[in-house]
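Below: a set of structures, written as structure tokens.
Two complexes come next, and they have one chain in common, subunit A, joined by subunit B in the first and subunit C in the second.
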Partner chain A sequence: MPEPLLEIDGLSISFRVGGRRMPALAEFSLAIHAGEVVGLVGESGSGKSTALFAVMNYLPENAVVERGSIRYRGIDLLSADRATLDGLRGRRLAMVYQDPGTALNPAIIAGDQIAEVLRRHLGFDEAGARQRTKELLRLVEIEDPDRVYRSYPHQLSGGMRQRVMIAMALSCEPDLLLMDEPTTALDVIVQAHVLDLVRSLQRKLRSAILFVSHNLGAVAAIAHRIGVLYAGELMELGPAVRILGKSRNPYTLGLLAAVPRIAGREAVQGIPGAASRDPQRFGRCVFAERCPSAEAICLAERPRLLAVPPDAAQRSRCHFANDPKIDRAWSQGAAAPTPSAQPRSAGADLLLEVAGLSVEYRQGFRLFARPALRALRNVSFRLPRERVLAIVGESGSGKSTLARAILRLEPGASGRVLFEGADVFALDAAGLRRFRRKAQIVFQNPTSSLNPQRSVFELVARPLALAAVPRREQRDRVRAVLAAVGLGDLYLDRYPRQLSGGEKQRVALARAFVTEPLLVILDEPTTALDVSVQAAVLELLAKEKERLRCAYLFISHDLAVVRQIADEVLVLRHGTVQESGPIEPLFEAPANAYTRALIAAVPSFSTDRATGGSPR
Partner chain B sequence: MTELTAAAPPARRQRNAYLALGLALTLAAIAAAALGLLYTPYPPARIDLLHPLARPSLGHLLGTDRYGRDVLSRVLAGGWRSLTLGFGATGLGLAIGLPVALATAYYRGAVDQIVMRFVDALLSIPTLVFALLIIVGLGPGQAQAIVALGVAAAPKFVRIVRSAALSAASEDYVTAAKARGERALYVQYGEVLPNIWPPVIVEASVNIGFALMGGAALSYLGLGTQPPFADWGVMINEAQKQISVTFWPLLGPALAISLSIIGFNLFGEGLRDRLHLRAALADA
Partner chain C sequence: MALALLPRRIFYGLVSLAILSVIIFVCTHLLPGDAATAILGEGATPAALAALRARLGLDQPAPLQFAHWLGGVLTGDFGVSTTLNQPAGPIIAERFLNSMALALVTIFCAAAIAIPLGVVAAVRRGSRLDGTILTASYVGISIPDFVLGPVLILLFAVPPLALFPSSGFVAFAASPAGWIAHLVLPVAALTVVLTAHLMRQTRSGMLDVLNSDYVRTARLKGLPERLVLWRHALRNALGTTLAVLALDLGYLMGSIVIIEEIFAYPGLGRLIVYAVANRDIPLVEDVALVIGTVYVAANLVADIAHAMLDPRLARP
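Then we have the complex of A and B:
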């Protein structure tokens, strides 16, 4: 084996927070060889970004490297002096950030930002730098390098900005490219293009890549080897095919079971609980309390990274890595797939009908009115009772505007919204109050949707208080609904800041369900959640729909999630309906070109054990 | 990624020291004013023409003024008038500014634009000049000074509270409240207000110091508290006429007012840091 390009050895990092030390990464070791793509997957708090930033020596000020070393071609990066680091960073090691919107300087045209790197690091003159920049822009498949060169970052789309960032990172032909969630801020089609680009560039340039993401699909599409991080511990490491197809770690297996698949309606299964933040967690298995196969030893002893036969290329941090029982761990709890829509006679029992709905934003309060911005044009659909209609679209498609307009929260809305046959826009005050009790909304970001000054009880009881439900009954109903969303009485007096993201979203769901609504509008309800938590929330949504016999309007950009829950789909783009219809035919044989592109763009991977997973 | 955005450790000890010092000075000022209502070494208006402009001595700890009145007694007795002015003007400013700010942040649109342009116009007038203009209309006196300084402070409160309220009003919990049919006043006072208390409290305590200074200035100009009643501004006004002879009568009221202003400011800023720190910790 040749000398690795980058060798991280026994790296432990903690953060000082309010006088305490919170460990973030424990004895993390990883070697990356020249030309190799290594993906690091993990949920929030897994330490994946910490590991990445440590390589660049870009850790925040309150980070403490407790132990370990990071060597690049034998140079210790953690103890290197400023001059050595300056010679390496940007030249030999280059970084691509998650948000290209903030990583580029908004006041300088894009081309000059790349040319500056060339002049500084490689001694190009002005004309030469300009020439080379345009070549680089062409390399990242930008068709119009002259225009992009002259553009300010805000004039470029998110995908274009990320291409510019990649071009900048490649400008000095680095040996190692570090990518921190490079596709997370992008829409799904753009994400697919950027992943394709990175893959083809990597083949062309043969540089090594350390690719960090929470998105298993994105990592699977690109990595040769995958490392799985959880709560600061490397749980499993090995060739991508084996991690995806023959994982020997309960956490990896749970993660794989939690990822919704675009290919078909299979039950997704959540991992109960939330990641441990206990500073003492590294004395045992960090996953023990959520693991279905855990035994006494898991709480007593930290597992080593065990080699998985046939060779040591795959290693798993589990006491039972080579015990067949972990294969069965997640199959026990698997629920039957959500029953797909039973065909019903059209028009029977209609709950919501939207006809010719448009929303215009008048721009500002101006003497000379500018042309109004049309966020939604002539949208029509019908939603029968107890059914799930998914509204699918990328950012800016108008899907959230649609949700707000239906609830009469958009002043610029025109058209008709009929709820139980009554025109929502024409309701009087009393009628509107009744409507608001029957139609609820849940937002994407649970932190923003819960008033931080209110306890869980106050939050969930408020809709009941509005409906003049007596105080004593309120408590009983709040308890019942909290139990239904999987939160016990313990939570009644807690405040949102004491809850994890998944718990907060459960509280938001409880608040929506407590009035026993007929319609719940779910605006990207799982987007802000980790994938294992997302699966649990999806299970909960399916269960509650049966219990309350309500209908969902499920707004999402994630087609794989939609496939798990929806009966019908409506595809929205730039405020207009592209295609709509029952889920199965639409996913199997989309008629619309945009729908086809959307479906094709979802990163997918196979975990089929017979064939072995392989990057698409 | 939360671990990467966690706040760097603040110099907590230093910030707590500011807060403690501010709190101590503030409480001392309030205690002195309260004491002055109950007890003074001499009656504050007792004239002793045999001992004018005396230096500090055991009999008169802060000396006497040009009529031989005991400066310490007058500082104590005048305290409550000065503090009433500070608290009163700030309370009035809040009472005007808070509802306007919450309403504009809630309704936005044309109402917001018109109100805020008007507020901007008022903000362009220096606060003290604004207060002077009002007091010209109302006539001199303690109550008039409170009204003038309170009204003059209101535009600043509108600006600060509105910007905090705007960001709170853009949170989903406000949309959620509207979506479940809450009334406008409940959303403003039940959902938005509890989340913007920190900047409001901080601004109010800083403003108390500012109003103390403004009140002293008005009294100094003869437009606030009227002689023979003493407040710290009036005392400074009277004492500065003899500054070429002696500065001792000036020292007591000047110290009282400076320390109070410093106290309220340190308290406000210490509180701000403390609240920010707590928010940072809660997010971590």
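Then we have the complex of A and C:
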């Protein structure tokens, strides 16, 4: 085998936090060869971005490299001086970032930001750099390079900005492209286009790529080899086909089981618990406490990366990597797929009816008024009891506006919202209070929607206190609902900062469920969560729906998640309904072109064990 | 947004000034005693007072007096100073130019000192140099200008040093050197506070920018630090600094009242102190309105400066 292009060897990095050293990455080794695409998958806190920025020798100030080295063609990057790094960065090693909105300089036109790299590294003069930049913009499939060249970043869409970033990164035809969640901040259709673009450019330019993402689907779509990181430890590494289809690691297997599939309604299964942050965790298996196959040795001894037959191309960090028992580990707990509700005669037990709902935002004051912005146009639907209606659409489609309008939180709303037959827009103050007890909302980000000054008990009991429920009864009901969302009495006196993201979202759900509502509006309830936690929250939602016999309005941009939970779907775009109907026919044979594009854009991959699977 | 909003900003500025003019007028008329009493003194006969009131228009209803005053100001007639018996316009114009000279020289000095220091402090954050600059700025902010003025006089205007005149003014046309010499100490006193404030603004603005994603991008493009700072960081950091600078012009309009009095500098500040002390109502009203206008104009300039430096505002 030829010399690798990049060799990360035994890299350990920790962060100084308040006088303590918190390890983030343990003895991480990875070699990347010329022209190879390696994907690193991991949930939050897995150390994937730390590894990536270490390659650029651009770690936060409080980072400490404890051990290890990173060599690019024999140059030790971690001890290189700034001049050496300046010669490599942008020239041999180039980077694409998660958020192209903040990664481009707002005060400089897009084209000049690319031309600058050409002038710096390849000695172009001003005119030559401009010329070449426009060619690069054409290369990343931008149709009007002249306009984009002259545009400031804020004048470009998210997808355009990321193309500009990619053009910039590729401008010097680098040996290695480092991509940090390059599609995460983009809408699903744009995400698919950018992935296609990167794949075709890689074939053309033959740059090696290190692609870091939490999205297994995105990584599967592009990587030749995949590394799976967990809590700072490389759990498994191998050819993409084998990691996705023949994983020999309980964490990878759990992650694969947790990913919702667009193809059909299958059981998604969460991994219980949260990733360990214990500074001592590298003395054992970091996954031991969440692993269904764990035995005494897992807590006593750090597993080595074991070669998985037939060859050493695939290696798994598990004491039982070659023990057939790990194949059965997750199947034991697998729940049956949530059944789709039976079609019922509509109207018989109708809960919510929305008719001709529009929302306008007035811009400017009266004297200088400009035409109103129509965020929502003439939306109508009916939601029976105990059903789940999903509202799907990209950012700016009006999904969240719709949710707020239904709860009468949008002053510019017109049309009709009937809840149990009563007109919500006509309710008096007392009626509105009663309505809001029966219709609850859960937001995307539990960190900002939970008051950090209140304990879990106070947070969850708040709707009851507002409804003047006696104190003793409050306690009992809060306990019951916390138990239902999988949090014990232990949590009553904790504060949000002491909880993980998944636990916070469970508290937010408990707060919504505690009044025993008839309708819960879930606004992207799992988007801020890791995939293994997301699966657990989806299970919980299905269970609570059965228990409370309530209906959900489930707002999401993620069609794979929607497929797992919804009975009916309504597709929104620019505030208008594109298509709506029962989920199965709509997903199998979408009539609307936009719906088809949305579904096709979801990155998917096969894990079919019989055939070994293949990245699509 | 911003540039498209310019007509709106100007409109609101004018509304503010209209409200200010009403407040000034009401306040001066709520003062005990009127201009006639002030001029003739306590012992004046009622007949003499009535005659003077009629001559000054003080016997007319208040709204009419207000309309008369504001109409005059809008057409360039600032009325007559009751104590100096001269048209107020030319007096104010001369003092206004003196004060603007003081303010603009101060702003220029403060910017020339504060911006480089703020940038250096941010770039070398946490260093001893940063600590020194920060501490000095705390000291600068903490010293009131009415203390600093006399201290400067004691240090530099009296023997043994006696480098600069302690008070007074020489017209630029008469003696440019004398004009500068008389400006040095008042400008120094005003600059200290302003520099401290501006330096901290620049430092924190620059720190934000240095931690931004686009500065990371610039570094990871392989640009040397010099280019990262000059081309990528400074432009974004200075937007807020320059806007603050324009606002400071408004702040200075308040400070000069004290500093001009200390250094006996013939500007608007000293004029308004004189006018208030001598119950020269027309002069009080006019000067207050002029200072208010400078303040509003400074805010407007701040908005425009910000918009021009940030393409997100200039070109939506």
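Keep in mind that, in the parts below, the second predicted complex is superposed on the first by the 614 of 616 C-alpha atoms of A that agree within 3 Å, B and C clash if a C-alpha of one lies under 4 Å from a C-alpha of the other, contacts with A are read in each partner's own complex, and residues count from 1 in each chain.
One rule holds for everything that comes next: a contact is a pair of C-beta atoms (placed from the backbone, for glycine too) under 8 Å apart; a residue touches a chain by one contact, two chains touch by 3 or more.
Treat the numbers as computed from the prediction; the structure is a model and nothing was measured.
In the superposition on chain A, contact is made by A:Met95 with subunit C only, not with subunit B.
By the touch criterion stated above, A:Ser157 is placed in contact with neither subunit B nor subunit C.
Touch criterion met: A:Ser49 reaches subunit B, while subunit C stays clear of it. Of the two partner chains placed by the overlay, only subunit C lies in contact with A:Met168; subunit B stays clear of it. Contact with subunit B, but none with subunit C, is seen for A:Arg497 once the two complexes are overlaid on the shared chain. When both complexes are overlaid on chain A, the residue A:Ser395 reaches neither subunit B nor subunit C. In the superposition on chain A, contact is made by A:Ile441 with subunit B only, not with subunit C. Within the superposed three-chain arrangement, the count of touched residues of subunit A is higher for B, of the candidates subunit B and subunit C.
Subunit A meets subunit C in the complex at residues 56, 58, 82-83, 85-91, 94-95, 97, 99, 102-108, 116-117, 120-121, 152, 154-155, 168, 368. Considering their complex, residues 15-19, 22, 24, 44-45, 47, 49-50, 53, 60-62, 365, 404, 407, 409, 432-433, 436-437, 440-441, 443-445, 448-453, 462-463, 466, 497, 511 of subunit A touch subunit B. Put simply, subunit C touches subunit A in their complex at residues 8, 212-214, 216-225, 227, 231-232, 235-236, 239, 309-312, 315-316. Looking at the complex, you find that subunit B touches subunit A at residues 1-9, 12, 109-110, 113, 171-173, 175-176, 178-182, 191, 194-195, 277, 281-282, 284.
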